[in-house]
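The same subunit A turns up in both complexes below, where it pairs with subunit B and then with subunit C.
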Partner chain A sequence: MSRTVTMERSSVNAIGRFKLRWGFWGQTLFITLLALAFFGPVVNLLLWTVAESWFFPHAVPNEWGLKYWGQVFNPYSDVSGSLFTSVMIALASVMVCLLVSIPAGYAMSRRSMPWRLAFMLLFLLPQAFPNLTVYMNMARIFYSWNLNGTILGVILVHSVHGLMYSVWISVAAFSAIDPMLSRASRNLGAGPIYTFIHVVLPQATPGLIAASIFVFLESLDEFTGTFFVGAPEVSTLPLLLYSASMEGNYQISSITALILLVPSIGFMLLINRFMRPEVLSKLGQ
Partner chain B sequence: MRASTRNILMIGPAAVMVLALFLYPLGFSIVSAVTHDDYSLTLTHFIKVFELYSKDIQFTVLIVLSSVLILALLSIAISAMIVLSPFKRLVAILSMLYRLPLFIPFIVAAQMMRTFLAKNGLMNNTIVAAGLLTPMDTVSFLGWTGIIITFVWKQLAFTTLLISGAMAALDQSQIRAAQNLGASRLRILIQIMIPQVLPTIGVALVLSTVTIMSVLSVPLMIGTGSPTMITADMAFRVNSYGDYHVANALGMISYLICAALAWFYLRQTIKEKGAMS
Partner chain C sequence: MAHLSIQQLQVSYGDKTVLHNIDLNIQQGEMVALLGPSGCGKTTLLNALCGFVPVGSGSIFMAGKDITNQPPEQRNITMVFQSYALWPHMTVAQNIAYGLKVRRVPKTEIAERIKEMLEIVKLSGLENEKVTQLSGGQRQRVALARALVVKPDILVLDEPLSNLDAKVRLSVRHEIKALQQRLGFTSVIVTHDQEEALVMADRVAVLNNGHIEQIGTPEEIYQSPKTPFVADFMGADNRFVYAPKITGKAFRLYLPKTSLELHHLIYFRSSAASICKDLDNRNLDGLTLTGTVEQSAFLGQNYRHNVRHGEQLIQADSPDCWPLDSEVSVHVPPHALYVYPHMARSA
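Our next item is the complex of A and B:
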């Protein structure tokens, strides 16, 4: 009797172990395939950045070299100019977004504010609608405002696109602060502006940095809006990448893509440090 | 200063920006789609759209639906593995891996895929080198499959981030109870976890649809020839003919494709807001 029970138990264990081992190899295979699917295109991009010549039927570039890197990083090249324009536009967009989002976020961090939900949804709109159609018409409106093809026009397009991130993250950042601290400061005789600058703002800084990172990246990577509003007068890196790629100049477009890739991955790894869990939990509330 | 005045002053600038730079052009696009130049109502632009672009509309809907379906399946599989897998080291690798494309711009993804999926791209070259195909049998994936692959490749990080977050936030005692009662992992996933994270899956997929309908670089760089996505048609209509009416009528179609799903999304957010506040 007891022997049959132990036999049964050991066979159940064997099945369990078999299933577990099968599960392990199955999951390893799945992750490997996922890794191949992710890194394959990246490797192809990296190969193109160091290929001087690569044509059918060569499986890898038939001439390797850094000739195109020299072209790209020549201070008078299109890429250097576009990189400068892109970074300037991104920094300006961050400034515009922070300027309007800090007061808005602070006001909306109070749950009792009337029409709070309506305003939160208003700032969500630019992300809830497919914005290609909107950008197209924005370009037409900007013609009559003389903003088409100007840096200012592109900054405005990027800012309105980044506004949702900056407003929503600011609201979350200000909501995560203990309201007792500012009340204590006011009770000790500090004015409202002094309290805001010295008590509230420093605590919201990590959240605001995270918001800035989002706006910066969105602006740096933005293609559609710039395509309609900025081109051809304003050339940002994504526009340059597009035209180089369409001309079949894969080396230049791949190096440009790599320049855009580095901050994207870098910030992805950094963002965890600024997006604190207590801020994340307040997001969208 | 009264509290309401102060609120208006603080929110005002941001709200005016959205109104002037987003809602105004949005309204403009709707008006332009249904009027002539003299603002008299008409449906001729829509008739023209269906005459010229009905194939492209079908093509776009097909691409959106297949991308969203593949995204749902893959991100549920990855999220479930992260939450349920007993192999902690595999989970750590997977959660690092799936996030990598999160901030990679679409234009960069498009450029990568343009070279990777081409007839003599790295993918086909690897398959040939592995001896699975001869160089003559390889096909280029640039076209509708390439567009879907690129959208899924880039958007998977975002949908998985949302869905795995929702799965991790589920009540663990429920899952453990089901495990103790002998339920298999697959059964736990289908009967306990998915029903509870369904709203999040919906939100993730709607936002992905909106993103797909906003991206111009992928159909321009990956899609070759005809049929193409209506986003590419819009850009062509505006840049080549300056024909905003037909372009905006196409834009309305792209709103409609999102609207069916967005309705669900907004209803969910408002319901959750109502429950929380």
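Our next item is the complex of A and C:
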């Protein structure tokens, strides 16, 4: 009697194990495929960064080495300079976009504002035309203002592009705030500015942070506008990447792309620290 | 002189007038209830007091000073919002401290007053909690503490109990009343619940469609409603139309000081009516009528009967359950009848 029971149990176990195995392998397969789709290109890129030569039919590089890293980081290369320029431009674009979209977003979040939708569509307008046309025209205008080839010009181009995201996200962030919260603040004796700083802004912060991340990443990646307005005087990492790729130097361009990841991830980590509720509540004090 | 004086106040949203010529005086230390059905303009009146909606005409005086056009932050009238409107990015203590910080009260004094306030509203120990983690009753007390800690000239509460479940509501009702008596603050409380208004307020103002129908002590409002609306709203929801020509066996009205030659609207509470088999041969004062029992419902203490009298249907309570379709007499004594001239007919 007891034996049959154990036998039954073990067979149940076997089925269970089989099911578990199947689930395990299925999952593994699925995740592997997903990872390949996502990271395949990245693996290729990583391989290129440590390849000294790699010819077509071979699956892996013929010669491994860090020669090109040395090239990129030697004092005469302009990678570090471009990296610095890129990050500075991205940070400045974030500042400009926030400066515009905080008041604009707040104003447009109010139902009472006339022409609300018209203003919001205005910020989408540059996106309605082909990028190239917009940037060529901007370059022409900037030329007459002596902004061509200046950092300021590039910042402005990136900001115009970033504003589309940041304004719309800010409008959404400010609109989501319960109007009773600022009413309560006024009710307890705070003026409109105090209320904005201590109640409205902290409530909108998560949205504004999301907007900043967008603007930062977009600016870091931006090529077309920088090319038309900034080149050749202003050199950002994407421009460097472009010329390296054009010369067929996959090693340099891969390493540059990898470096481009560093500020992106760094910025997101930094922002992520600020996204915590405790920090937000400190902002509100 | 009244502490707060509202004179001929009129408020509109666009071309829709929500408050018509409101006159209301509130004495120092008094608790006044604004009672009325949903949408009658109670919240709008509070918003006008706090400066959140512009006033069309009329004026508001606070201790003799005209505050009609002052911005909200300069009035010392604080509000407990219906939705509480606590700031979710601040702790309990930060929420309560806000008004004091704005007033630049020294840090040590702020700490003292928060501690004192937390004790008063029984939230000690929760000062560092996030307000989002509190229960409805606790949030409500934070809102109350936040509004009270700045020592307002007037505290206004917008349906403070409406978001609480029935059991908590009763205890919070008592707490607010006890607090008001202990601290002696002047307050206006908005409610659509007549019982709440009667229990809590020193005086009740009944609002209907942006008009004040009656102002008086809870006893006055309950026992002598001045208009059909107030009578109905205070639970005298039996409406009986009296026409002079229809008298006789089925119906009799004897009232002192009331002309029986005119049309009247008569209101009374079901609990004030009594049911008998036959009252015909006694000449009682008040209203007597006969009718058929159409329906009865058990209410616990007694039964409520729907009695059909011609075209009119009235409700009467009785300790006994009368069988359906039985012929009964209903009697209401004169002091429980609220009689108003029936304009449409007698004109």
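Rule of thumb we're sticking to: the second predicted complex is superposed on the first by the 212 of 285 C-alpha atoms of A that agree within 3 Å, B and C clash if a C-alpha of one lies under 4 Å from a C-alpha of the other, contacts with A are read in each partner's own complex, and residues count from 1 in each chain.
The definition used in the following text is that a residue touches a chain if its C-beta (ideal position, glycine included) is under 8 Å from a C-beta of that chain, and two chains touch if they have at least 3 such contacts.
Given the structure is predicted, the values throughout are model-derived calculations rather than measurements.
K.L.:
Please determine whether it is subunit B or subunit C that touches the greater number of subunit A residues.
P.N.:
B
K.L.:
So in the superposed three-chain picture, is A:G191 touching just subunit B, just subunit C, both, or none of them (first/second/both/neither)?
P.N.:
In the superposition, A:G191 contacts subunit C only.
K.L.:
Just subunit B (first), just subunit C (second), both, or neither: which does A:D221 touch?
P.N.:
Touch partner of A:D221: subunit B, not subunit C.
K.L.:
Please indicate which partner A:L117 is in contact with in the superposed arrangement: first for subunit B, second for subunit C, both, or neither.
P.N.:
Touch status of A:L117: first partner only.
K.L.:
Between subunit B and subunit C, whom does A:S254 touch in the aligned arrangement: first, second, both, or neither?
P.N.:
Touch status of A:S254: first partner only.
K.L.:
Does subunit B (first) or subunit C (second) touch A:G40, or do both, or does neither?
P.N.:
first
K.L.:
Examine A:G70 and indicate which partner it touches, taking first as subunit B and second as subunit C; both and neither are also allowed.
P.N.:
Neither: A:G70 stays clear of subunit B and subunit C.
K.L.:
Considering only touches as defined above, state whether A:F30 meets subunit B (first), subunit C (second), both or neither.
P.N.:
A:F30 sits against subunit B, while subunit C stays out of touch.
K.L.:
Examine A:P130 and indicate which partner it touches, taking first as subunit B and second as subunit C; both and neither are also allowed.
P.N.:
The first partner, subunit B, only.
K.L.:
May I ask you to decide whether A:M180 touches subunit B, subunit C, both, or neither, giving the answer as first, second, both or neither?
P.N.:
second
K.L.:
Which subunit A residues lie in the overlap of the subunit B contact set and the subunit C contact set?
P.N.:
Correct list for subunit A: 284-285.
K.L.:
Note which residues of subunit B are touching subunit A in the complex, please.
P.N.:
4, 6-7, 9-11, 13-15, 17-18, 21-26, 28-29, 32, 77-78, 81, 85-87, 90, 93-94, 97-116, 119-123, 125-126, 128-129, 135, 153, 207, 210, 213-217, 220-221, 231, 234-235, 238, 244, 247-248, 251-252, 254-255, 258, 262, 265-266, 269-270, 273, 276-277
K.L.:
Within the complex, which stretch of subunit A touches subunit C?
P.N.:
Touch residues, subunit A against subunit C: 178, 180-181, 183-191, 194, 198-199, 202-203, 277, 280-281, 283-285.
K.L.:
Can you tell me which positions in subunit A touch subunit B when the two form their complex?
P.N.:
20, 23-24, 27-28, 30-31, 34-35, 37-38, 40-45, 47-48, 55-57, 59-60, 99-101, 103-104, 106-108, 111, 113-114, 117, 119, 121-123, 125-141, 156-157, 159-160, 163, 167, 217, 220-221, 223-224, 227-228, 238, 241-242, 245-246, 250, 253-254, 257, 260-261, 264-265, 267-268, 284-285
K.L.:
Which residues of subunit C touch subunit A once you look at their complex with the stated criterion?
P.N.:
Touching subunit A from subunit C are residues 50-52, 71-73, 76-79, 81, 83, 85-91, 94, 98-99, 102-103, 130, 146-147, 150.
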